[in-house]
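So, here come the structures, one by one.
In the two assemblies presented below, chain A is common to both, partnered first by chain B and then by chain C.
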Partner chain A sequence: MRFFEYEAREVVKRAGIPVTDFGFTTDAGEAREIAQRIGGPTVIKSQVLTGGRMKAGGVKFAETPEEAEAHAREILQLEIGGHMPRGVLVDPRAEVEQEYYAGIVWDGTRKQPVMIFSPVGGIDIEQVAEEQPDKVGRRHFSNILPLSDFQAKEVIASTGVTGSALNRLVPILTRLAKLFVENDMILAEINPLGRLADGSFVALDAHMDMENEARGRHKRLLTELGVGEEETRQAREATPFELAGEQVDAQDHRGVAGNVTEFDGNLGLVIGAGGGSLTLFDAVRAHGGKPANYCEIGGNPSVAKACGLAKLVLQKPGVDKIAVMMSIVSNTRVDIVARGVIKACLELGYDPAEKIAIFRIPGAWEEEGFKILEKYGVEYADRSVSLNEAASRAVEKIEGAAV
Partner chain B sequence: MRVDGTFIAIEVDDEAAEDADLARTLTEACPVDIFAQGDAGGLEIVERNVDECVLCRLCLDASAPGVVKVLKLYDDGALLA
Partner chain C sequence: MSILIDADTTFIVQGITGREAVNLARECLDYGVGAKVVGGVTPGRLGREVHGVPVFDTVAQAVAHHGSAIYGSVVTVPPAFTKDAVFEAIENGVQLIVIVTERIPRRDVAEMVELATLRGARIIGPNCLGIIVPDVIKMGGIGGPAKNAAQAYTPGPIGVISRSGGMTTEMSSTLSAAGLGQSTAVSIGGDAIIGSTYAELMPLFEADEQTQGIVIYTEPGGRMEAELARWVTENRSRLPIVAFMAGRFMDEMPGMSFGHAGTIVEGKEDTASEKITRLAQAGISVAERIEDIPEMIRSAIAERSGTPAGAGAAGGSQV
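Moving on, here comes the complex of A and B:
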């Protein structure tokens, strides 16, 4: 769940990291008052959950409070990347001697956070890593064991920063790492982190992304920041296809048959079971397949829900076949899912043997499930066929059909 | 009476189906709402739920032998025993 900049800055501030004396508002008149309080030149920044603010005219500089008000009024009406701003952030224009980068990101492969630091800030860290790799320090750290200042010091020092700057930066990176762990973030980034003329550091911009599943653990913080429970904060609005998936899942309480994400491939997926959907999606792609969707099915949905999900996927424009695959199921019943997906084909006037590239769900009630699949001539696989092999067969079939 | 779904068929002895007590018992027993009690008190089979049958046998246990039959249409009409 992404945070707006003004919220991310508040999180940074609460962690004890210095920030500028910024203000957030949804009112142009109030922007003038904030600029007046700040006294001096200010920056007015659109608060949207999308990139490209500067190019779109969502960041403007003001010399006077009156100018700040005028800019705020303009920016509050400015749509950026399909998003209207939540408000504007009024920030003092700091006299910065050098811009740095400090970030913590979750490494899903290592299953650990990694702290990243660079004395080259204000631009994308990926660009710095590519053009000046010696200017990017990084190290993984445990999100369970206590964090030591030394770890942050090592990372910063590896980029050539020494002396007073090193000493002042260590607590900032350490606090950022603690903030990351304590708030179940998957990204906590300060860019730029500015060094002022007196040698002190101040966060000039911040980006935070919290693990969605952890929202329940941070209700207090979210309430204090004013984040509503209904706010999904997703990267983009749900498509009609995805909304239809939600409706399928909501039709009764039994199991899950939804969480659909739309892609533009030709192989429809009805997949799930204990992380199996992610594995299967990756496996299909690894074999050169083009998924039309991601979804999750499990927890023993009703026949109607399995049917509804399969129908939705089958009707998606561009879908030639569906692959019905799960890891070994225990509470979800093979026969119930088999009934659902076959029924979907029949109700849409398709031959299940043609439309279902493969059915690979072994586990509870598989004998009954396999009888159903045999009756309709659908290719199925038991547990002797791996998820990877099943995905490969599905891709082969759809590629064969396309030739 | 008999109602066929795509995968499952439910057959209930016509005479027994008029028994309000049996209708109530079966309605309470079925976890996927295949049975309902009609306005006149007799048994009704809810067609849209027939394929939801989870083969739990609760309807067979709740009625006299042979009164309710569950047939697996995908298995040559094999009877659930």
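Moving on, here comes the complex of A and C:
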């Protein structure tokens, strides 16, 4: 879950890393007051969860509080990359002598976090790594052995930084590493980290991303930052159709029938499990099919849940038929899914044989499942029909019907 | 032969009294020669039995009751308690831990893996279905009830490694139908950080005489495929590999995760197309469709074993 800059800065500040005396607001008049309090030139920054703010006109410089208010008013109305801003950040314009970079990420191959430091900041670190590799220091640190200052010192020193800058930077990088671990971040980055005329350092921008699975153990921090439990902070906001899918999944705790993502095709998909859904979605598209949605079923959901998901998909505007397909199941019961999807058709007044393009779920309780499908005349397939072949048949049926 | 487990492997089930774990224990006891499930652990349930398996409060009690070291553990406890359960297993001498639990934050996984490495233990998962040696033993829910598992898995020369539990069975079933059995199939889990990656399991398959080829299921997200490509190139592996890449559609949707937590594309190296290129460069064939896999791996094995000209790249063949 990504944080807005004003939240990320607050997290940095709480970790004991110096930040500027910034203010956040959703109101242009208040932006003026903040600028007044700061006294002097300011920067007004759009608070959006997308890159390219500067280019889009989401970052503006103001000499006076009046100018700050005018910029804030404009930026608050400015959509960037499909996102309206959450608000604006009003920041004192610091006299920076040099910009540095400090960041922590996971290395999934080594299975340890990595500290990354560079005396070349303010630009994308990957670009620095490519163009000036000797200016980027890296070091893994242990998940279970104590974290100590010398590790940060080694990373910083390896980039040629020495003197008082080194000594002032060590606690900053160490604190950033601690913050990363303690808050279950998957990214914690200060860029740029500015060195001021008096030799002190200050975080001028920060990017933080907390692992979704760990949100439950940081409730206090999230509440204090004002992050709502319903905020997914995905690359795009959930649609009403997707939210309805979540409700279907939440109706009981048996198995999964959800993870719905909306697309704009005519073939509704009731597919599973995790890997099976990915494979099937690709297969439908490879055969020229237009999926109306992505979803996942698995872990042996109840009849009610399978029915709820099928109903949701069937009722989606533009959906002509649904394809019910999974990789071979061992935990989920074929007959339960069959019952669920047939029930959905019947309750909506549809003929299951007409609405279900194909049912391809082999595995546990398949004999029972196939019997039910036969009774309603639904086309089904066992494991001798591949996922790819099943997807092809579904597409053929729907394209044939559309002509 | 097989990798990781065989007919003599002893293991416990941590969280054995949970609904899914009770089924899992039954399935393992019923499959093949019957797994040696020597105990179960659920705190507060000492003295109970699950399908004849004695339940203990602690792993130490299970080890004491067994009278000697216990090799493995299947961990099926809720995410908030998984790290402690795995630490407990490791500190009581367990060598192989299969973590079934989903939705464990990666910091916890990383801690578990590092402690395991320190103690010489191995973790499979989390968010996985476990390991199966066809007709011999299974450790975890892989393949489901004994009857269903027997339908999909048959003994043979192919090692299977998969980030998806369900697709482990789908691919193995396709191989079996084509007359290609499996030496061992491993569901390694769908998370961003896992105990054992493709590259970390390859040396075991490499050393297993029964194994003649490898089939893997891969997805977008992470650097695990790049790691495998590097391993294969650096170690001049004798084993041909066929990979199936699912989730190609995700390349158009950066920042979104589908299927498994680990599928989120965080950089351009994580995309399906980038991975396909990398795998291909290392000589790994990438299948477009599951049904193409048997023929691809069959001809790849024939190529390695047949022509001495290929021996340079293959590093010689034992087949």
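Following the convention adopted for this analysis, the second predicted complex is superposed on the first by the 243 of 403 C-alpha atoms of A that agree within 3 Å, B and C clash if a C-alpha of one lies under 4 Å from a C-alpha of the other, contacts with A are read in each partner's own complex, and residues count from 1 in each chain.
Rule of thumb we're sticking to: a contact is a pair of C-beta atoms (placed from the backbone, for glycine too) under 8 Å apart; a residue touches a chain by one contact, two chains touch by 3 or more.
Computed from a prediction, not measured in an experiment: that's the story for all the values here.
In the superposed model, A:S158 lies in contact with neither chain B nor chain C. In the superposition on chain A, A:Q98 makes contact with neither chain B nor chain C.
Using the contact criterion defined above for the overlaid structures, shared-chain residue A:Q251 touches neither chain B nor chain C, since it reaches no partner.
By the touch criterion defined above, A:Q36 lies against neither chain B nor chain C after alignment on the C-alpha atoms of chain A.
More chain A residues lie in contact with C than with the other chain of the pair chain B and chain C. In the overlay built on the shared chain, the residue A:T64 is in contact with neither chain B nor chain C.
Touched by chain B in one complex and by chain C in the other is not one residue of chain A.
In the complex of the two chains, the chain A residues touching chain B come out as 302-304, 333, 336, 339, 342-343, 346, 368, 371-372, 375.
Every residue of chain A that touches chain C in the complex is listed here, in rising order: 106, 108-109, 111-113, 126, 142-144, 181, 184, 186, 211-214, 217, 234-236, 259, 261, 272-279, 281-283, 285-286, 294, 296, 298, 326-331, 363-364, 383-384, 386-389. Touching chain A in their complex are the following residues of chain C: 20, 79, 103-107, 109-111, 113-115, 118, 141-145, 148-149, 152, 162-167, 169-170, 173-174, 177, 190, 192-193, 197, 217, 219, 222-224, 227, 244, 246-250, 253-256, 258-261, 263, 267, 288-291.
The part of chain B that touches chain A in the complex is made up of residues 6-7, 32, 48, 51-52, 54-55, 72, 74-75.
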